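Same chain, two partners: subunit A is paired with subunit B first, then with subunit C.
What follows is the complex of A and B.
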């Protein structure tokens, strides 16, 4: 019986996510049609470029890797009723952490070279966590809404990282990017001819761990109850400020790890561009990833592949269908808007009933 | 009386800061000019947002509305060959986006924060796409000078001061919306709509309809800010033109506790910090000492500081952000 209920529940969630996906794609097809593009052709290349062949699918998995972590980061916070849209800035800081601890530090102290991969992972998670501490403290101590404070932290991170990448941690040989991480810190490519590296294992393990923390531990239970019903949680003896703080730190470390894995896990640059081009938007699109997964860190593993595919496929949409690749981000936004209606299915049914269909 | 004392204290502090900066080699006149310009989009959006938050709908998507309307305003200005027509296009687009957000937040019972985040992400993708689709050039559009809106030059004695009519409009709107909210029956209804929608409903006023209208007005004012940004202030559009200003506007709203006039004041403080950051970044003698990119993050840090200082005393409408469900 309980299995049946679970199955029905999962099916309903999948149907809702698919409905949102269809709405997002339909609306973007409409946008393309307005400006005289061929939506069929563009969407074909979007999906063919994301999932059509073995090689592009492997590349999509590579793009999905950091998204999985920023998605899990948003999902963890969302389970506690918090909106961590600071994952963007936390991922920037994570990328810097990977460069500092996986590139700069082993360079200064070559005896640490053998440990540069764990150092890079640890450094990125720690810096991401520290960057999440700000909005968390402001929320707990002053009641500042996390959406506003995190955006300010995002922009501060953006300019700080830009300063660092062009100044203290710049690559003297190639000033348009930061120092690369040491070869020992780079994840090996899994399949020849694709950019998929072992970093995806880290992302999957971290997401599943986050899921298990949420579902199995006392802390996870407190998080979920604080999100679902703060009054009941307080009455039940949950220390809400402490829960908020810890949730934020967990979320920030996941997002930081995501940013770090872009540097240590995606060939060929192994560093941060001076424009931050290779690390921007990874946090924002993680929000889409998490919402499509109904804020479940385990389901994030699947939905991140979808968004990673959109990222990868959009690179094909531009040369073959002439449509600007950033349209894929508009698609994600439309999907998120569609997902903001929790009872979308019932809403549709209700509306149809009203019209007598 | 107490308010008067506080306001005069704030003004004295500000003048002192200006004088200090003048000693550091920054011109107070041009700083004031730049602050007023930077204040305007923040104030327009903040005033609109405080109106619709009073009614119970919060719109996190202002940043997205800024981006979209700044872009389509340039398009409109070039199509009609007139900057003001472009601003009107921006206002209409903003109203449309606000209207959609209003519908989602009321009839569709959406999660307002998620819908707003979606609106922002949509804008981050739509704007580059639109720039490419409309002009075939990635990321930036500088329209011909004839369709831009020039600043007015006010001069008395030998001091000339450049100011935009939109700044004046923003101030006038803040004052008149304050009176609308606190001195008219309609204002009472709006505030009640955010405090206890059930009572408004029982009194025979459609909660959903009122909220949708307020959200539309909020969107239109943000659209006015967007159009001002591209056509009167920057003289063009880049794909990151809003640079998080939508969220700074939200910060003005929450720091002021949804009071239009107070949020205008905060908008001025943020505008001033932005003007100061740019002045520091370009003034010889100072710019060599402080790293350019770190200086650019000053407005965001000021926002954080101000919000955390002022938010503690504020009280927000009880039904803010909650979908109203009729029994």
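What follows is the complex of A and C.
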């Protein structure tokens, strides 16, 4: 691609995104105005709270950390034409993996304590991957659409994890949460006065690695070609079922790692709450993150910071602009939807084209 | 990839607009009631010994207090911040009561209230910290024990700000993690003497069973955590006290009823109270099933010690009383934490109220009077509110059995929750609720109410001690005596 074409392409994408952002902001301002809130003040606090000072920006990065991975997980699947809505359940299982391998196992075998962190990371990626195996096999062997099976797997994961957190891996001293991971498995806080931990390095490295796999390896090429045109891929000798399976497993391990990093990379409890309140929605938020990044795992790093910043900033809307918390959720939802729509549309159109509709 | 980029862009924009508009319209339609225009009122009030404060505050409801206009505006901009747990506003329980206490502190002390709603549990630390970083915020209240860890971290970071947690065990965490800093003087765990309140409702339940000839009373508990032992043993102890009281005051009646089959006096002393730990604070069905079994065995009243499971108990009661067309129990159930008497008027005989609102209010008072750190040091960082509690000579009660007079403010809370949730919460109009509750209370003989009042007085004066089980051995011991 010549420089000029690249430049035009990038400019067009930026224009598109800016336009979407403006529409999203306008819609949310309209919504807040209807309820008698001051949209200017509310949006000011939203962005000030997310990006206004060094401290809040560091917190925004912490909110972005798990979204980076669930976003990358969705992006990897989307590149191969798969819609992995199961990242949510895979993240739950990843969080459980971190607790089992970074908390329970070192407790039972104290000699493994020094390796708690790699164990927790590997454990979460593995459990996330295993949870993705179900929908992947159903698709490859039986042709079950991944969206249907993934949604079912999400709920199964939700209740399985809830059972585990309240039963076998509960913290006997604090029955309202799971066992914490061992101190060696906890990422250190990077800057005093913020909740940002070293977990963000893992998230960035994993997202970039996913991008490199996609762009530089043979497997990545097969994924992309299978996503763009399955018939051509099959004609070209690509083993489609194998590619689907591997893509799904890669995606699941990324999402699992994302769930695991919430447990190992977020003070102060280092465990899963019995309500699952600290691990829910990271998978679903990852979908928006990925769509905003046009399903590019490297660009996900940036878009996750945007979305993480919005979630962080939304905390300021209630106390300082008086916007009730339900409405602040709706505002973020609107902005994310508006930003995701251009890519979501392209994705849907490609899918229809592939189905020959 | 796409054949006509301009076309696709136009379509994308159009669809964006349409979807955004549709979502906006949908949300508009679905959420939020119309907002009431705010009115500003100014009140002067005297609270506690010699504390006079001036208040200017914006409220969105009518205030019943008589306003006395004052000329001097507040000199300092003192703020308190309330950080909710993920239940948020509209839960009719801990969070709503926490905000209610903050609103009352605002009314009486002239402080400003900042509300931080935690959307996920990951928000706890950032919300506490954001609140603490506001230069005008002096006191930060975390509502609910899930904030315990977060409160410790942030309280250590901001030694010049005051922190209070409702039902938290933050000082225990300080003790084990940072023993040299215990007790952290800028942090108070606000706890309640639930065992004393449970004794009152236990006594009430048992006296009802004696009067109406029922063999049992019941208790549906949540997960077996130490705090619930206080409820369980207090309740059983209260039942036992009531029976002793009856024996002493009505010896002839006692003899007669002891021989009446089916009366609680004829029941084996160790099985008078039916009790079960359901192992959940959220599965309403389990509460329903447990209560149904208890009512089938002849429990006159079942005490809800599992939060939302009360709705399951209520359903079990409804199934018994609706076919019979009853408007007043028995059977009854007993509410917990908030005044739950309005949930099913006529069938909730009383509630064991744990005044979270008072906790927030007193914490504000302690900060304003400069006593916060002294109290924290003196009492090991724990502010224990109960029946007849006095802290530094100031009465600070936090536990009581619901009265008819309490009903109004909790009906107000229900009305506020209706506005937030956008759906009906109250089962019938407020006047109807009050009428039914009054009828129910009148249908119960006055000697029962005065017996319970006597127990309350004895507890307040320290003339009886309700057992306080703190360890597993304590609980075993008391179960051995009371069943």
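One rule holds for everything that comes next: the second predicted complex is superposed on the first by the 322 of 357 C-alpha atoms of A that agree within 3 Å, B and C clash if a C-alpha of one lies under 4 Å from a C-alpha of the other, contacts with A are read in each partner's own complex, and residues count from 1 in each chain.
In this text, a residue touches a chain if its C-beta (ideal position, glycine included) is under 8 Å from a C-beta of that chain, and two chains touch if they have at least 3 such contacts.
Just so it is clear, the model here is predicted, and its values are computed rather than measured.
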Quick check on the superposed pair: does A:206 touch subunit B, subunit C, both, or neither? Answer first, second, both or neither.
neither
By the touch definition at the top of the document, which applies to A:278: first (subunit B), second (subunit C), both, or neither?
second
Taking the superposition as given, does A:59 touch the first partner, subunit B, the second, subunit C, both, or neither?
second
A:326 contacts which: subunit B (first), subunit C (second), both, neither?
both
For A:266, using the defined touch cut-off, is the partner it touches subunit B, subunit C, both, or neither? Pick first, second, both or neither.
second
Mind working out whether A:159 is in touch with subunit B, subunit C, both or neither, as first, second, both or neither?
first
Quick one: is A:287 in contact with subunit B, with subunit C, with both, or with neither? Answer first, second, both or neither.
first
Examine A:299 and indicate which partner it touches, taking first as subunit B and second as subunit C; both and neither are also allowed.
neither
Once the shared chain is lined up, is A:21 touching subunit B (first), subunit C (second), both, or neither of them?
neither
Subunit A positions touched by subunit B in one structure and by subunit C in the second
31, 35, 281, 324, 326-327, 329-330, 333-334, 337-338, 341-342
If we count contacts the way the header does, which residues on subunit A are in touch with subunit C in the complex?
12, 16, 19-20, 23-24, 27, 30-31, 34-36, 49, 55-56, 59, 63, 175-176, 192-193, 195, 228, 262, 266-269, 273, 275, 277-278, 280-281, 311-312, 314-316, 318-320, 324-327, 329-330, 333-334, 337-338, 341-342, 345-346, 349-350
Which residues of subunit B touch subunit A in their complex?
60, 63-64, 104, 108-115, 117-126, 128-129, 131-134, 138, 243-244, 247-248, 250-251, 254, 291-294, 296-297, 300-301, 303-304, 307-308, 311-312
Provide the residue numbers of subunit C that touch subunit A in the complex, in ascending order.
1-2, 5, 8-9, 11-13, 15-17, 19-21, 23-24, 27-28, 31-32, 35, 81, 86, 88-89, 114-117, 119-127, 129-131, 133, 145-146, 149-150, 152-153, 157, 223-225, 420
What does subunit A use to touch subunit B in their complex?
31, 35, 37, 83, 85, 134, 138, 141-145, 147-149, 151-156, 158-160, 162-163, 166-167, 281, 284-285, 287-288, 291, 323-324, 326-344, 347
